[in-house]
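One structure is given here, and the rest of the page talks about it.
Order as written gives the chain letters A, B, C and D; numbering starts at 1 within each chain.
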Amino acid sequence: MVKVAVLGATGYAGADLVRLLYHHPDVELTLLTSESFAGERFSQVHPQFKGLVDERLHSLQAEAVPEEVAVVFCALPHGKSAPVIPELLQRKLKVVDLSADFRLHQPLLYQQWYGWTHPTPGLLASSVYGLPEIYAADIKQARLVANPGCFPTGAILALAPLASERLVDWDSVIIDAKSGVSGAGRTPRPGFHFPDCTENFKAYRVGNHQHTPEIEQELARLAGEEAVRVTFTPHLVPMIRGILSTVYVSLPDRSLEELYALYEDFYRDSVFVRVRREILPETRLVRGSNYCDLALRVDQRAGRLIIISCIDNLVKGASGQAVQNMNLMLGYPQEKGLTQVPL
Amino acid sequence: MVKVAVLGATGYAGADLVRLLYHHPDVELTLLTSESFAGERFSQVHPQFKGLVDERLHSLQAEAVPEEVAVVFCALPHGKSAPVIPELLQRKLKVVDLSADFRLHQPLLYQQWYGWTHPTPGLLASSVYGLPEIYAADIKQARLVANPGCFPTGAILALAPLASERLVDWDSVIIDAKSGVSGAGRTPRPGFHFPDCTENFKAYRVGNHQHTPEIEQELARLAGEEAVRVTFTPHLVPMIRGILSTVYVSLPDRSLEELYALYEDFYRDSVFVRVRREILPETRLVRGSNYCDLALRVDQRAGRLIIISCIDNLVKGASGQAVQNMNLMLGYPQEKGLTQVPL
Amino acid sequence: MVKVAVLGATGYAGADLVRLLYHHPDVELTLLTSESFAGERFSQVHPQFKGLVDERLHSLQAEAVPEEVAVVFCALPHGKSAPVIPELLQRKLKVVDLSADFRLHQPLLYQQWYGWTHPTPGLLASSVYGLPEIYAADIKQARLVANPGCFPTGAILALAPLASERLVDWDSVIIDAKSGVSGAGRTPRPGFHFPDCTENFKAYRVGNHQHTPEIEQELARLAGEEAVRVTFTPHLVPMIRGILSTVYVSLPDRSLEELYALYEDFYRDSVFVRVRREILPETRLVRGSNYCDLALRVDQRAGRLIIISCIDNLVKGASGQAVQNMNLMLGYPQEKGLTQVPL
Amino acid sequence: MVKVAVLGATGYAGADLVRLLYHHPDVELTLLTSESFAGERFSQVHPQFKGLVDERLHSLQAEAVPEEVAVVFCALPHGKSAPVIPELLQRKLKVVDLSADFRLHQPLLYQQWYGWTHPTPGLLASSVYGLPEIYAADIKQARLVANPGCFPTGAILALAPLASERLVDWDSVIIDAKSGVSGAGRTPRPGFHFPDCTENFKAYRVGNHQHTPEIEQELARLAGEEAVRVTFTPHLVPMIRGILSTVYVSLPDRSLEELYALYEDFYRDSVFVRVRREILPETRLVRGSNYCDLALRVDQRAGRLIIISCIDNLVKGASGQAVQNMNLMLGYPQEKGLTQVPL
C-alpha cells in the first residue's frame, strides 16, 4: 500500500479523486486538505462518503505533507498550486497537479490567458503533460505531472492520430465542445443555479477560453509545428457529467476506412480509448468511467472530416486521468483501480 | 389602462408578475423597483424581456410610488413588506402583498415560525387572505390583500370542500408536498447548484416549514374550528416550476362519486380550478398557467381519501394569483390576462 | 374572426399551434384533425387543454375542410402533406404547410434526402418559403406557404445578412446545431426514453440530416449563388425546447462593429429577431416565444466569425412561424397573437 | 471464481446486475440470456460495456444453463420467472429471482394484484424473501431467494425496527414514495418519453400498486401480526435513479433519541444501512451504491413520526441486493463486490 495525499480534496475534482483512490487496491489516503473546511470530516462535506471516508480535513497551511507519502495530488484552484508545488518537489515528493499551473510551457501564456504572472516559470520546462495515451514514457519518469484540462483531453485525443501523421490542415480546425455543469466547480453562481441552468443551453467564453493555448501547444507538438491556431468554443449542457467534442477538419486524402485504421493503430495500446465504428459516442456511455470514446464521420459533400469524442469530464478529464498518471509513476498497470463500467 | 407598480420586481415571483402584467390588456407598468439592481434596466437583469420590458429599475428608498397608481404589488422578501406597506395604505393605495407578512392573523406566529417580531400587528386583522376561490367577496372590497403562499394554495384548495362540509378528521391530515426549485428563489445556494440538485430528490424542513401555520389557519377557518393541526412535509423536485401535493385524510362516509360531486359543486364558479376525474394531475399540465388541477382517489382497504392537487408555484402559487386578486379589486373578470394555456 | 383548420393537430407542433391559435384574438379554431385520435376530444390527448380546447378530433379522410375556412394549417408528418394539399389549393383555400413537402424546389432532393418520390413536383415552384424576415412580400401573396424547418430557421437567420451582402466564404461554413428533444416528435422511441436521454448529450445524423439541402437552397438564393455547400451537424440536448446554432464562417473584411451594424440594419423591421450585443443568446431566453436571438463574436486569432442563434424549435421553428405566416397572408400585423414573453 | 448466469440480462435491472457482477472479484459471467436480443453481443445492446462485456446473448429457450453454474440470477419480467425456475431448482441450482413471482406467500394475491394465476403455488412457501438486513440466516440456507421489490426495500427498512418492537399503530401508516424513471423499465412508453417526463412530477397507481401486498406481508411478519394494512402511494420523479420514501406513523411513546438508538441498534450489523442524524437523506447520496440511508424526524405538534429512507432503486432495490443475497448464499462477506462509493 502506498500512501497518497490529496490537497484541495473537497472540490468536485478532488472529491471524485478521493472516490477513485478509495477504490484503488494499492492506495491508502493519508492526508486530505481543505482550507474552507479544515477541521470537518470529509464525509460532512460530501455526505455520500459517510462510513467510507470519514477522515478529518486539514489546513495545508498548518500541516506538512508526511514523509512517507508516495504521491501528492494537487487539486487546488488554478493559481494556488504554483506557490505550493516547489516545496513538495524539493522534498522529493512526486506530484500530480490537477490545476492548469504547470501545463503551459511559455510563461507569457499565463499572463495572456489566465491574467497572472507565473511565480516559478523555471519549473514549467520540467513538468510532464499528463496525457498517458501520448506521453506514458515521460510520465513514468516524471516528478511533476501536469494533469490535462478536461476540454484539452477530449480535443487532443480526437486529433492526435491525424496530427502526428501531419494530416491536419491547421487553418481548418474547429473544436465545438459541450460540457456538463460539474466542469464549472462546486461554488454556487447565477449561471449554474438550477432554475436558470436546467432546460437551457448556451455557449460561453466564445473565442477566449483559457483551454485554447493548452490545446494548441499539445497539437503543435504532436504535429511538429512551431505553433498552430484552432477555434475552440465551449458550451454548457444541462447535465452533471460529460464532455462531447465535435471536431471539424478538412478531409485528408484518405478514405474513412484508412482513417479508422489509423486511429485504431494509434490507440492500439491505450486501454481507455475506444475507437467506435458501430455507434456515435454519447456522454452516457462513458459516465463515471475513464474512457474516451471516439468516432469518425466524413462529410464528403463539404470535404470535411468530423471527429466526435466523449469523456467524463471529472474522470478522464480530471480524477481518473490523475490516477492513471499515478499508476504510471509508480510502475503499476495504468488501469489499476480504474476499471469502472460506465454507470 | 390602470397603472400598477411592482416593488421587488427582479425575484422569480416579481419577474413572473411582470410577465403577466405585461400581457394584461388593461394594465400599464409604471414603476418597477429593485434594491440590488436599481439603475439597471429590467431587461438587463432578465434578458428574456429585451424589447418588451426595458424600463429602468428604481430604488424604493429613493422613489415614491406615483399618485396615479391603482395597485401596488409588493414582491419583497419576507419581513421587508411589513415596514413598507403601512405608508402605502395611508396614501390610499391598494396593495397586493406577495410576502408572508400579512397572511397570519396572530402576531405570535411570526415570532414562532419566522423568527421576527411583527412591526405592525394592528394591520394583520385588516388584511384579506387572497385566495379568490374562497374569499372573492372580501377581496373585492379589500385595500390590503395577502397573497397566499405557494404550498398553502395547493393544500387549501385540496381540502377546502371537505373542510367547509366538516368532513375532515383533523387528526388524520397529512400533506406531502413536492415543489420545483424556483420556489427557493433566485439566489444561488449550495442545495440549488445544478450538479447537486438535478438527478436528486430530497425532503426539507420536515415538521417545521413556515407554511404550516398558514395552512392550519385557513383550514380551521373553513371548518369553523378554533384550531387544527396538520402534518406538512415539503420536498424538492429537480424541475423548475410546479407543486404537486398528495393529501391524505380519513375517508369520510361518502362514496367517491359523492365526493367528486361535492368538489365540482364547490368549485363550480372557480374558473381556475379543474376537478379532474379522467386523469391524475401532473405538474406539466398546469405549467405556466393559473390552474389548480385536483383529483380524488379512495384507498378503500386503508380507509383513506387521497387528494392530489397541482399548481404552477410561480403562477397560481404567486404571480397569477396576485393578478387574479388585482382583477377582483378593480372589478375586472378574475381571469382577465390569465388565460394562458399551460405550456 | 377568421376560421382556421389544423390538420394533424395532436403532434407537438400541431398542439403548440393550437395553443397559439387559441390565444390569437382574431382566430377561431374550426376543425382539428387526427388520424390516430379521431373521435376523441383534443383535451383527452393533451390534457393541459381541458376547459380550453375540448373540441373533438376528426379524421381527415372522413371530413371535408369547411368552405368558410380562411387558412388551413397542415401539421401532418413529412410525406403526408403532399397528397393532401393539391385538393385544398384547388378549393382556393390558403395553406400553411408545416411539413417539409413543399420546401425544396428540386424534386430530386426529395428522393435523395427523404427517400421518396414527390407526387406533385409541379407544385414545388408555386410554394413560398415561409421565412417572413426574408420573404414577407411573397408570403402576403401566397396561396401555399412552406413553413421552414426548425434547424433551417435558426441557421438561415444567422447567415442571411452576410449572405445577402456576399460576405460569406462558402467553403468555410459550419453549422453546429443543438436541439431540445421535442424536435424528435411525440412518439416514444429508445433514444428519447427518459433514462437514456436525460444526463446525456449526443450528435446524430452527422453529415446526412435532411435539413441540409433546405439550408443550402435558401442560403444560395440569398447569396445569388447557383449552389452552396455547408456542413451541418445536429446534436440532442436533454431539454424540451430550444435550438442553439453555433455557426462558423471565415471572418469577412469587416470589424465586429460593422458586422453588428449590418445585422441590425438587415433586421431593423423584423420584430422577432433580436440582435444582441450585451449577452450571448441562451435557449431559455426565447423559450415559449417567437424570438430568434442572435449574437456575433470574432475569433481574431483563427480568423473566424462565430454567429450564435437561438430559437424555440416549436415556436419560431414551427408553430409561431406558421402563425406569423398566417398573419401576413391575412393582412394582419405579423406579431398578432405572438407577443408571449419567454417563460 | 464461481460461475453465474443472468437470465434476462438486457433490462435495466439485468444490465446493472451485469455491471456489478463484472466488478465482483470472485465471479465469472458464464451465461447471459435475452429473448429480444439473442445472437447479439451484450455490448451491442448496452454500448457502454464495449471492451468489458462483449459476450453473446443466448435465447433461454435454446440454451441450457450449464452444470457448473453456482448461482442463476433470474431478471425476467414478472410472470416469466415462475415457469422457468422449477426446472432450475430441480437441477439443484441456486436461484436469485429479481421478479415478483416468488415474493408473496399467498397465491391468491397474485390473482388479485398481478392479474394472473400462479403456476407453481407450491413453491411459494419454500422461497426466502431476500432482504439480508432481516433474513440473512435464512438466505444463507436458501435455494430460492425472492429478491425484494424496489419500493418494498425502502419501505420495509424504514419501518422494520419499529415493527419488530411492536411500536407501530398500523392504522396510521402512510408510505409516500418517489421514484426515478428507471423503475419503469427500458421499454419506451408515452409517460416516459423525455419531453413529457422531464420538468414533470406525478403520482401513479394511487391506492392500487402491486408492491402494496409485498410491503404488508413483510411488515406483518416483523410485527407478529396476522395482517396489516398500509397506504402506499408511488410518484415519478424526473431523474434516472433513486427512491425516497416518506413514511408517516403515529408517534410511539419514545423520545427521538430513544428511537434513533433503536434504529442504530437494529442495524448495527447491517453494513448497507446508514442511520443518519446529521442530515436528511437525499437520493444523490446513495446513487450507484447499495446503501439505504435512513433518518427520523418528529412532528410533535401532530403526534407523528416521519421516517425518510433513500435507496438507489436499481442497486439496493434490485441488482445490488441480488449480489448481496448471492454473497450470503455462497458464504462470502455480504459486501463483497458492493463497496462502490455513491457517484
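In this text, contacts are C-beta pairs under 8 Å (C-beta built on N, C-alpha and C of every residue); 3 or more make two chains touch, one makes a residue touch a chain.
From a predicted model like this one, the values you see are computed outputs, not experimental measurements.
S.K.: Decide which interface, C-D or B-D, involves more C-beta pairs in contact, and give its chain pair.
M.R.: By number of C-beta pairs in contact, B-D is the larger.
S.K.: What's the farthest chain from chain D if centres are computed as the mean of the Cα atoms?
M.R.: The most remote chain is C.
S.K.: Can you compute the centre-to-centre distance for chain B and chain D, using the mean CA position of each chain? Integer Å is fine.
M.R.: Here chain B and chain D have centroids separated by 39 Å.
S.K.: Once you find the CA centre of chain C and the CA centre of chain D, what distance in Å lies between them?
M.R.: The computed centroid separation for chain C versus chain D comes out at 46 Å.
S.K.: What are the residues of chain A that contact at least two other chains?
M.R.: 180, 196, 198-199, 238-240, 282, 284, 287
S.K.: For the complex, give me every residue of chain A touching chain C.
M.R.: Listed in rising order, the residues are 171, 174, 176, 178, 180, 196, 198-204, 206-207, 229-231, 233, 235, 237-242, 244, 246, 248, 280-284, 287, 297-304, 306, 308.
S.K.: Write out the stretch or stretches of chain A touching chain B in their complex.
M.R.: That would be residues 12, 180-182, 186-190, 192-199, 238-240 of chain A.
S.K.: Would you pull the chain A residues touching chain D in the complex into a rising list?
M.R.: It comes out as residues 19, 22-23, 44, 47-53, 198-199, 274, 276, 278-279, 282, 284-289, 339-343.
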